[in-house]
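Structure, as structure tokens:
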Amino acid sequence: MEQLFFFYFAAVIAVASVLVVALRNPIYSALSLLIMFFHVAGLYVSLRAEFLAAVQVIVYAGAILVLYLFVVMLLNLKQDDRYHRQWPVAGVVGLTLAVEAVMLTLLKGRAIPPAPANTNETVEGLGNTEALGDALYSTYLFPFEVASLILLVAMIGAIILAKKDIGGSEA
Amino acid sequence: MTELSLRLAVSLAQIAAVMGVVMLTVMILTLAERKVLGWMQDRMGPMEVGPYGILQPIADGLKLFFKEDIVPAGANKFMFSLAPILAMVPALIGFAVIPFGPSNKFELFGITVEPFVISDINIGILYILAFASIGAYGIILGGWASNSKYSLLGGLRSAAQVISYELNVGLAIVGVLILAGSLSLVKITEAQSGGFWHWYVFALPAPQIFAFVVYVISAVAETNRVPFDLPEAESELVAGFFTEYSGMRFAFFFIAEYANMVLVSCVAAAMFLGGWNAPYPGTILEHVGLGQFAWAENIAWFTVKAYLFLFLFFWLRATLPRLRYDQLMKFGWKVMLPIALGNIVVTSIAVYLFPR
Amino acid sequence: MTSYGADLLVILPELIVVGAACLLLVLEPLTPPSRKELLAWLSLGALALCIGLTGGQISVLNLRVSAFSDLVVVDGYARFWKLLLYGVTGLTILMSLPYLKAERLQLGEYYGFILLALSGMMVMVSGADLLTIYLGTELMSLSLYVMAGLKRSSPRSLEASAKYFVLGAFSSGLLLYGISLLYGVAGGTKLGAVAAAIGSRGFDDPLLLIATILLAAGFGFKLAVVPFHMWTPDVYQGAPTSVTAFMAVASKAASFAAFLRVFVEGLGGLKADWSNLFLLLCLVTLILGNLVAIVQTNIKRMLAYSSIAHAGYALIGLVAAGRGMGESGGASGLASVMLYLALYAFMTLGAFAVIGMFRKGGLEGEDIEDFAGLAKRQPLAAFLMLVFMVSLAGIPPTAGFIGKFYVFMAAVEAGLAWLAVVALIFAAISAYYYMRVVMVMYMREPDPSAGEVPQLVASPALTVVLACAVAGVILFGLFPNPLVSLALQSVLPLK
């Protein structure tokens, strides 16, 4: 059952991701991205990471992608043909990589190792959200704070680059 | 396998019941809104259909159902049809985690049934927020697909508004989450039992009054209601994103708006006002020895609270003029957001200093 | 409730830098435009504090302290790089003072971003965990993306920012993909866990190979190694010159630091594989960087290609370390990389300082032709540029020679004499384009029709920067021993 869900989600994610770049209408691309986000969230649910799933939908589908749509609609891009001339190159590179991946996995004859055990320990008992919070604010406190700094930089950077008057007028 | 199908049957029955109630509420609301507005403006409201006009919603529904379904020239047909669905589904799906009554459980052919909540998932409120955020797609795509400038502007405005105020809704709720220590609406409601002084609006150590106010205002904005109904500001944009819609597709948007109102009212009741808990400890029916019917009293309280909010929506509509767009954004980001953030900080400190 | 007092003490320098950056951002709107320099002095003060803190630990250089559940580690290696980064950042800030004034970019945030980028680099240098290193990289890169676009009046600067951002984000994706595959293999993101997993799993796991390639590609972008160099010329040319200097030196040094740590501490078990990979990268980098630099007419573009080539030279050290026989062979290879980048910092900073303040009217004199006749007009400036160019070409008795010498030595020790010879040939080729600048300065008269002649606009801050750079280039060229022994002491243990 779980495998079934996994393959469903994985297949849709793969197809939707290809459609994001392959579709000509940018709005449809954005909607494929939306479908992909939802299936990624589904994947999280099947891994019992409900919190992550909800956050995935809220942040990516609910906020970021809406802003994409916003920009796409304001720019009124109908079709971007220039971008699709890279199809042959992309095909060749993708095919090569796919062949390589198959060769690597088959010829080496090594099965992909089982997932490490320490990923499951928190699933039972303690709720998923609590476990996540616990890990973020104790073990991974430092990277967490670095991530918050990254957001600060991104925010201030965006403001500075978009600010109307800069330097010139006051000097 | 029989257990699975039984579970499925029970869930489907619950979903059907909840949807029925929600739809009924929406029908009542369409009439109630016009009646309330009428009374506030010293008129009678609809009086023609049925005694005292009470059959008006049915007449409206029939009219919309039989109206010609128009797809404007140059519109993107697929998106045009998809948008109303995308608007309505998120509005309805959120009710899955709302606890309408006490978490009584009973056994039915060997499986446990919780009659008053469809699904008690442990990220309940996040689930609602997640789907609420999807509602913006219906609006923005509907606006774009209509191939009309009014629709597009309305859709874009509304998307910006919904995103901005969703943020405030989310942040206003955080204070409650800190107090409750859970994301499940069932647990949050249960934690508020024992009288109105335990409701999170008033509860010590950190009364969430500010958060409550922020939530209510943001909820009004998020549902695109007056005074924040800029996406459909009729004096500038005809009817905003659903200018071009007619018939059932229009009805879908309409239902979505009202279902959203019901949803945010239910969430407000559950998060801040104790949900199905009575404002006094226990229930009266329990005190007079009718404990097995206490759920009825609880549900009545939940209904009262939810309807109080819905009344507030109408009241605001009758009272307040529309904001200007820049005022709306400024208000959201420069007033509401700092208050919500401040509330989180204060609540965290209070909980840290006075742990339960 | 756990107390983090001890952990916070370990990352005190980072805290100071971040604190100063936040303070700067808050003070920025409060300072009048004419007083923005105060903010620069504030950031210099914070840097001085950090230098004191880290420098004070030089006596216990190899004491390894870790904090935050071993995600951060401060060891000799980290201290070496941090000291280098403080120095580079300090000089960049000094260089920026007159440059920003000349460009009319009186932005307090500029200094805040430099400090935030520095804090990202410090995290990269100190990270003992793939995720932490990744986040550090992102912090640095994001700050640099913004800084590259600060000269908003120039479309080139905006183009640089956008290009840098898009390609940088792409490379971060590759890096993250590699990290996630490694996490799948090792069940943890700590470098120690990765090393242990490789030790127990053997080397021919296809997942590991793919992860290694992705990591190499991700870091390759940050290091500007061919074939991941496409962004470099445009970004270096478009960004404000002081930012270019910062990118060319500090960002490259920090990326190399994290890169070495990941591949040596984490993927040390795969060194036979990655040294071949890097050998290839190193060769194409040397070829392309040096050859394309020859045809450039814009000096910033020329230096961009030269910086690509220099990354190639530094990679030789890593290849040698991977091939190194026994304990000492690896160490000398790694130490040579550290030494190379430290010395490279001085000459590149010096060169960019001159370029930044070499002004034609209100504009920068960016073309190599603009330097014509500089020796007659400003002999001292010409001489300084001569020193930097000679050093970049690797001619004794300058620091550039010492750096190349140790790298080539490491290659010879590791049995890669042919690589050393090839690199030497390319070093000779590189002398051509560096010397062309010198030739233009000394032998050519300025074009009389070209109106205003460009001048080096002197200022006290610039004097300090140039003095430091020249002192570094010449002193370390003559007496490299202290720096060499410091690098050898603080080198990573290679498994």
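Note that the chains take the letters A, B and C in the order they are written out, and that residue 1 is the start of every chain.
Keep this in mind: a residue touches a chain if its C-beta (ideal position, glycine included) is under 8 Å from a C-beta of that chain, and two chains touch if they have at least 3 such contacts.
No experiment lies behind these values; they were computed from the predicted model shown.
*Asks:* Taking a step as a move to a touching chain, how many steps at least join chain A to chain B?
*Replies:* 1
*Asks:* Relative to the centroid of every protein C-alpha atom displayed, which chain's own C-alpha centroid is closest?
*Replies:* A
*Asks:* Determine which two chains are connected by the greatest number of contacting C-beta pairs.
*Replies:* Highest contact count belongs to chains A-C.
*Asks:* Determine the centre-to-centre distance between chain A and chain B, using the mean Cα coordinates as centres, and give it in whole Å.
*Replies:* 29
*Asks:* Cα centroid separation between chain A and chain C, in whole Å?
*Replies:* Distance between chain centres: 30 Å.
*Asks:* So how far apart, in whole Å, are chain B and chain C when each is placed at the average of its C-alpha atoms?
*Replies:* 54
*Asks:* Can you list every residue of chain B that touches 2 or more other chains, as numbers and ranges?
*Replies:* Not one residue in chain B touches at least two other chains.
*Asks:* Taking the touch rule as given, give the residues of chain A at its contact with chain C in the complex, in rising order.
*Replies:* On the chain A side, the touching residues are 101, 104-105, 108, 110, 112-113, 115-119, 138-143, 146-147, 149-150, 152-154, 156-157, 160-161, 166-168, 170-171.
*Asks:* Mind pulling up the chain B residues that touch chain A in the complex?
*Replies:* 76, 79, 121-123, 126-127, 129-134, 136-137, 140-141, 144, 152, 155-156, 159-160, 163, 166, 170, 182-183
*Asks:* Show me the residue ranges of chain A that touch chain B in the complex, using the header's touch definition.
*Replies:* Against chain B, chain A makes touches at 27, 31, 34, 50-51, 53-55, 57-58, 61-63, 66-67, 69-70, 73-74, 127-129.
*Asks:* Which residues of chain C touch chain A once you look at their complex with the stated criterion?
*Replies:* Listed in rising order, the residues of chain C that touch chain A are 2, 4, 7, 11, 18, 25, 33, 67-69, 71-72, 103-107, 109, 112-113, 116, 119-120, 123, 129, 131-132, 135-136, 138-139, 142-143, 145-146, 149-150, 152-153, 161, 184-188, 201, 204-207, 209-210.
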